[in-house]
Amino acid sequence: MTVLRIVAGSANPGLAAAVANHLGVEPDGCSLARYPDGELRPTVDKVCGADVYVVQPTAPPVNDHILELLLLLDACRRSRAARVTAVVPYFGYARQDRRTAAGQALGSTVVADAIAAAGADRLIIVDPHTPSLEAVFRIPVKTLTAVPTLCGELAAELPDKAVVVAPDLGAAKLAARYAAVLRGPVAIVRKQRESGVTVTALDIAGEVRGLPVVIIDDMITTGATIEAAVGLLRQHGAAPDIFVAATHGLLVHAAPSRLRDLNLQSVFVTDTVAPKQGIAAIRVCSVAPMLAAAIACLHNDRPLQESGADVR
Amino acid sequence: MTVLRIVAGSANPGLAAAVANHLGVEPDGCSLARYPDGELRPTVDKVCGADVYVVQPTAPPVNDHILELLLLLDACRRSRAARVTAVVPYFGYARQDRRTAAGQALGSTVVADAIAAAGADRLIIVDPHTPSLEAVFRIPVKTLTAVPTLCGELAAELPDKAVVVAPDLGAAKLAARYAAVLRGPVAIVRKQRESGVTVTALDIAGEVRGLPVVIIDDMITTGATIEAAVGLLRQHGAAPDIFVAATHGLLVHAAPSRLRDLNLQSVFVTDTVAPKQGIAAIRVCSVAPMLAAAIACLHNDRPLQESGADVR
Amino acid sequence: MTVLRIVAGSANPGLAAAVANHLGVEPDGCSLARYPDGELRPTVDKVCGADVYVVQPTAPPVNDHILELLLLLDACRRSRAARVTAVVPYFGYARQDRRTAAGQALGSTVVADAIAAAGADRLIIVDPHTPSLEAVFRIPVKTLTAVPTLCGELAAELPDKAVVVAPDLGAAKLAARYAAVLRGPVAIVRKQRESGVTVTALDIAGEVRGLPVVIIDDMITTGATIEAAVGLLRQHGAAPDIFVAATHGLLVHAAPSRLRDLNLQSVFVTDTVAPKQGIAAIRVCSVAPMLAAAIACLHNDRPLQESGADVR
Amino acid sequence: MTVLRIVAGSANPGLAAAVANHLGVEPDGCSLARYPDGELRPTVDKVCGADVYVVQPTAPPVNDHILELLLLLDACRRSRAARVTAVVPYFGYARQDRRTAAGQALGSTVVADAIAAAGADRLIIVDPHTPSLEAVFRIPVKTLTAVPTLCGELAAELPDKAVVVAPDLGAAKLAARYAAVLRGPVAIVRKQRESGVTVTALDIAGEVRGLPVVIIDDMITTGATIEAAVGLLRQHGAAPDIFVAATHGLLVHAAPSRLRDLNLQSVFVTDTVAPKQGIAAIRVCSVAPMLAAAIACLHNDRPLQESGADVR
Amino acid sequence: MTVLRIVAGSANPGLAAAVANHLGVEPDGCSLARYPDGELRPTVDKVCGADVYVVQPTAPPVNDHILELLLLLDACRRSRAARVTAVVPYFGYARQDRRTAAGQALGSTVVADAIAAAGADRLIIVDPHTPSLEAVFRIPVKTLTAVPTLCGELAAELPDKAVVVAPDLGAAKLAARYAAVLRGPVAIVRKQRESGVTVTALDIAGEVRGLPVVIIDDMITTGATIEAAVGLLRQHGAAPDIFVAATHGLLVHAAPSRLRDLNLQSVFVTDTVAPKQGIAAIRVCSVAPMLAAAIACLHNDRPLQESGADVR
Amino acid sequence: MTVLRIVAGSANPGLAAAVANHLGVEPDGCSLARYPDGELRPTVDKVCGADVYVVQPTAPPVNDHILELLLLLDACRRSRAARVTAVVPYFGYARQDRRTAAGQALGSTVVADAIAAAGADRLIIVDPHTPSLEAVFRIPVKTLTAVPTLCGELAAELPDKAVVVAPDLGAAKLAARYAAVLRGPVAIVRKQRESGVTVTALDIAGEVRGLPVVIIDDMITTGATIEAAVGLLRQHGAAPDIFVAATHGLLVHAAPSRLRDLNLQSVFVTDTVAPKQGIAAIRVCSVAPMLAAAIACLHNDRPLQESGADVR
């Protein structure tokens, strides 16, 4: 039987180590040379004949992490790995899944093609921004979800009758998935995005007055969407202790200070992206057990349902 | 300069003729042989060296129409058309863009691959069920929308302050696009789908009591989703004259009688799918002018914005 | 070692069950959802890590069966089957292997490309209309023949010195293969096809007067070709008890009544296509043992010659 | 408008010159370096932006001519030809279109893939051994036939009531095409091929006694098939003056002396293969006018029917 | 005739403007959105139906520039450009053209595949590190050289009898190309590379004592190779005024101070990479005239020799 | 575990037998039919389910050997080999890795594409003319080197302080690899190639007067390059006993007599190409042990470093 190998890219070695630990294997000592001109040259080891899982979320610096992922995949292929699975818990450029103005590219397709061309046989992703991301690929894609993991933590803290709030229409279906687990109602913010950075919330559909709320989203980038939703909720008389939950905590730019200023009860994210240190109220739930269970199933050619992995 | 040719498949020759008429050309006299065993053999004419647009929505019988489309594309390629654009105003299997249970296929990807393999250089679609359908393709896809066309008709009839109602969470973003044109508020039904045919509506987020409403969706298949929404809206005290608008009026099975029994004010659909005859209250708005304008731009290598075409 | 799985499409579940029975395995409980608008959504089970054989002849309704096959193949691939072999005993659109008039498509290539794009690793076919069908594919194709099976049954009933009659020039080489097994002479009808349905026989090359004859062909569709040959043979004084043998008994339209009216001695076909019930004189020989033997060889990576399978 | 260029490979420069002459253009001064170790390096000239037709039948030495063709196609592509059409009047390896024994390759597919990979956009072939050769390709293939050309010459010489004889079952359909033009009956030899070189004829279906005959085939290689047919025809009392016609006169090995010894009336072949000098009774009909007409249509994006080209 | 468009990526807009200026066209006002998380979203304009040249050297930050290039190419394709040529004067990752240790990737192939998959029809490069880089691509590649341009400037300043020095064996063939233009002898340094940054020169083959020298290379990255060669040359008694010439002046890290400390006579580089400001002794020769001439030829489908472009 | 099979093409059956012998297996009894018209039809045996290594250097007659290789690869694929590795110790057309004049092809890419299209999963090559040949392929390529093997033999005979001479600039890096093993200095001939056959040496960089020399190269074709280098060395006073070493001894045309006339001490080549008989002073070192060790590693999915194989 082929050997299982976890290759850790530089984007989130802590997650790779945790996954390997759950699986009872050593993560691969992949080394990464960075040349003075910025070119990367990773070297993989012991992948020959192995069933390899390359763990590399394409979080910021997103372009460096994408190139490193492509080189790692090519290195595994040329070193004669028996099978190469790209484990990309956070998949960058997923928002570029349609053109919203003339002259744009489809970043998600461009990245998907590059990953497939570099030699990935399969892909594992977690809560992609576009639920149909798997349809962009011809290689088999396993889409996992951190919603049950996050709900497990939320359930222990949320007051009864909490309303699940989608901070925009795009999150409405995700809110329904949270609500189904938490057995609560859904409210939806209808926002008008004014630029890439600023956001103005306008309206809220559903009852929140006097009720505890949890704002959910797939990712928190600058925190601007959360900030707008919190303002609107307070305006509409929601209960003061506001919770937030999202799978991917990118938390770039002013996000840490913005979240601190909002005085939130708790912000739950996972470690799909390497966690930032020292941000108050941030609670990190690990997806490592879920990824490990999924990888074990893939390695042993078992269906994923038999694992503890949460499949969307 | 290459000649423009409209090739009409058998799925909606009326639409093809209307498009050709707007463009001032004759639709192609493509003939379709149906063999006794059900095999199709279409023959195209005069496409040699031409810029060809094959008009063939993949409405029911969906599988026959898909195969006919593939054969038409291959025939154009092998007859040395200079360029072949598949015009598929209704794109079947678009809902199969993600796997919702183990063991399923991704029908949208399967059909997309077959269309590309058969030789389409470009694709035109209208209001696909999945907005990111274009990311599944490597060939350029032009996604048009009938929302402005439908809103033009709606605006003349709808009372003031009409609420745009999304009959499920998946339609929330589409409702926002209608609401932006109609300048009205949005309400959203959260439903629980119980089987492929039966639907149970549960709840409604947003105010509808005493207000005129228009239920919108991308397509009406059996009418069950509309029926559930109407029931819920009446339960919540919406104004009695209910409007419905959807791009694709498939209207299969009991849909005609179901819509009649609902006693709706008007049901607006387009002719992306060949219209059914004799269904009360159905009002058909043609997408032919929009398709013709888009084809004119593509043929003349002009950006679509310069046309009257409504691009999503 | 990987597990062997037989996945039965809806085109011929009886054949799949018989094949599975010969192999001592259970056929897979693949379920097929048919949506009200005609879209299909099959679900496969237990194929993860398995060596899967999808049994689906593309007999009428040919387009539905082709789409179902494509979806089944994609489902197996995405469910991480170790290897997927399409078993298509009757391969529709095989006659469209050349263009006989300007403006036509090559249906065989279109279908072949779609099958390969959907994820088939290998293909098994039986007596395709075009002997060189395998050259259209890049995936390995195993072409089996039912001629020895049919000759085994024929030999027990045919009088001595029976002449093998090809009902048109296209069947001449097939007739030679029958004649080699049956050790008889060959006669060939030269016909002029007047339309897709009507056929006029003109002439016969070779001696038939007073001799028993067996008309052979790869498939019987409407029975018109057989009807014309029978008329010509009787005109030329062949012995009254006429036999017919063909691998694929599609028997659409008026075929059953036509064959009955011809008052034939026996018509031998196989079960590559699910047999029609209640047609007098039809004798069905099963290809299940041959398919099972071939699948056993493929599964065990043994050459086919070691099996009892009849390879062309 | 793009310029038309005829690039002459080394396989049949005379044919290329004749084609160019009919089209009123100069053939391209392509030069071919042959290195001492047998490697070829052709250089093309003036193809930049042109509509290029590379004339190179893959006659013996077949492997050298195939490699030269691949290099010519790549050279045209990399020199930025607007469009490259491979004109391969005789297509070698076409007989390897099916595997007749375990362990064989499909030479026709291997060569087709190499041609497509080297950059051909389209292909022109004449009377390929397998009529469905075009289905092996994804690029558009134009299949021409020299049968009308040859029949034109034959008609002037053949006595009335001549029988068209297929020297084996594989030539039966071709014989019917000759017979349709010549308005004569068909007779068919059923042979048993004993080795690659020796052939034993067994039987003849159809009347030939006392009648003038013309043996037809797609190609004459060693002449052994013709020799066997002639022997059988004389045995069956055919009229003494026997005619032969075939598109491709490869005439390798003992073919010239064998044909001379048969004392035939006339042997008609075309110049798809560069004609051998000094073989008695050989009459060469040129396919240059037909190829020129076809190229003119392709260059001007006109359907082939409008030309004088004979399309199968 | 199609319109010529120059699209300027963000890597070297000055070069793009100079190229456009030479061609008498406006460079395209492509805008580049940089999202807070580092994702790029370029938007192209007016490329519909045009013959587009995307100017984007993949100099540092190399990974950002590669992703931007891929997105630009995809945007042009999806905006229906008639033809897209990637103009990548400096091609990053070209040194990764072979694996020098187990477990490595081939970065040049990975980047080439991504560029082709993103939709480039053709590529223009200048003095790539690997002369055979074009063989990695299936799309036509035009390899230009700045050697004549640099020699033109050098010739005006170099003393007579200057020796062209290759600073390592890999530069030996390039030195010969300089020497052929400058009509001087060649000397070659044999070095031992000790790490990615440090270099130790060992030996020099050829006469330099008392002679003026010009060290040449394809690129200057950190300046370490030049530093080692200068030391060795001074040790071997070369004339004091040392010249340096290289196509690509990356000049990262300590390169500027290192070059200053070497007290060189002049360092000639080109603007394939956007020039660094304020580095003493650096003389920048523009490749814009050469690129403009090449683009004019490609746009007009003329051979490159007719232009003033210097083709390798 | 899969069985290891060595398939011997006709180009060098002796090498295949030696490799098989080292591995303790029988070479496969592949038979090769040569048809009278020059078409090849190889038949493979017992490859079903096996891990197959096809040994076929593409030495002269290079085009025949390439076609045979393609057919062998296709035969293995279609016979369901588990994995097919092309072992091409000498890779023809490798010199065509760049275009040195307008209108040329890239022969190395053309052959690489044909090999990949024919079904090779992996490739093994030895000392290719272009060190970056592996970057042309998408399949994993293992590049071995015979330099250590040849140096082992050389070391036993060479006098102390021998100079390694590169006969042209293209061999400079290869000379450095020899010199690193032999611990000697390097001298480099700068030549001007005047035609494909004649060569004029001009100059020599590095000290050779009174010193023993070994001229090295990757291949010896006509011997002209060696002849020119020997003349120059003698002119510059090198010691009289001159050694020559090269991996590939093609030795076509006048090479044997030319080498004899040069009165060399010894000429070391390997058996990558089937050795010519009876050439004085030629010493053949076998690469069979190295190839066998590499194949053993590939078959057992072990890294190559653990073997005794010499990896470049």
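The letters A, B, C, D, E and F name the chains in turn, as written, and every chain counts its residues from 1.
The definition used in the following text is that a residue touches a chain if its C-beta (ideal position, glycine included) is under 8 Å from a C-beta of that chain, and two chains touch if they have at least 3 such contacts.
Bear in mind that the values here come from a model prediction, so they are computed numbers and not experimental data.
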| Partner chains that chain B and chain D have in common | C, E
| query | Tell me, which chains sit next to both chain C and chain D? | reply | B, F
| request: Could you compare the number of C-beta pairs in contact for E-F with that for A-E and name the larger? | output: A-E
| CA centroid of chain D to CA centroid of chain E, Å | 50
| task | Round to the nearest whole Å and give the separation of the Cα centres of chain B and chain F. | result | 61
| said: At least two partner chains per residue is the criterion; list those residues in chain C. | reply: 78-79, 99, 102, 106, 109, 113, 303
| said: I'd like to see which chains touch which, written out pair by pair. | reply: A-B, A-C, A-E, A-F, B-C, B-D, B-E, C-D, C-F, D-E, D-F, E-F
| In their complex, what parts of chain C are in touch with chain D? | 97-99, 102, 106, 108-109, 113, 130-132, 134-136, 138, 143, 169-170, 172-173, 175-176, 185-188, 190, 203, 205-206, 303-305, 311-312
| note | In the complex, the residues of chain E that touch chain A are 33, 35-45, 47, 59-64, 66-67, 70-75, 78-79, 92-93, 95-96, 99, 101-107, 109-110, 113-114, 117-118, 196-197, 221-222, 250, 252-253
| query | Given the complex with chain E, which residues does chain B contribute to the contact? | reply | 122, 140-141, 298, 300-303
| Sites on chain D touched by chain E in the complex | 46, 48-50, 77-80, 82
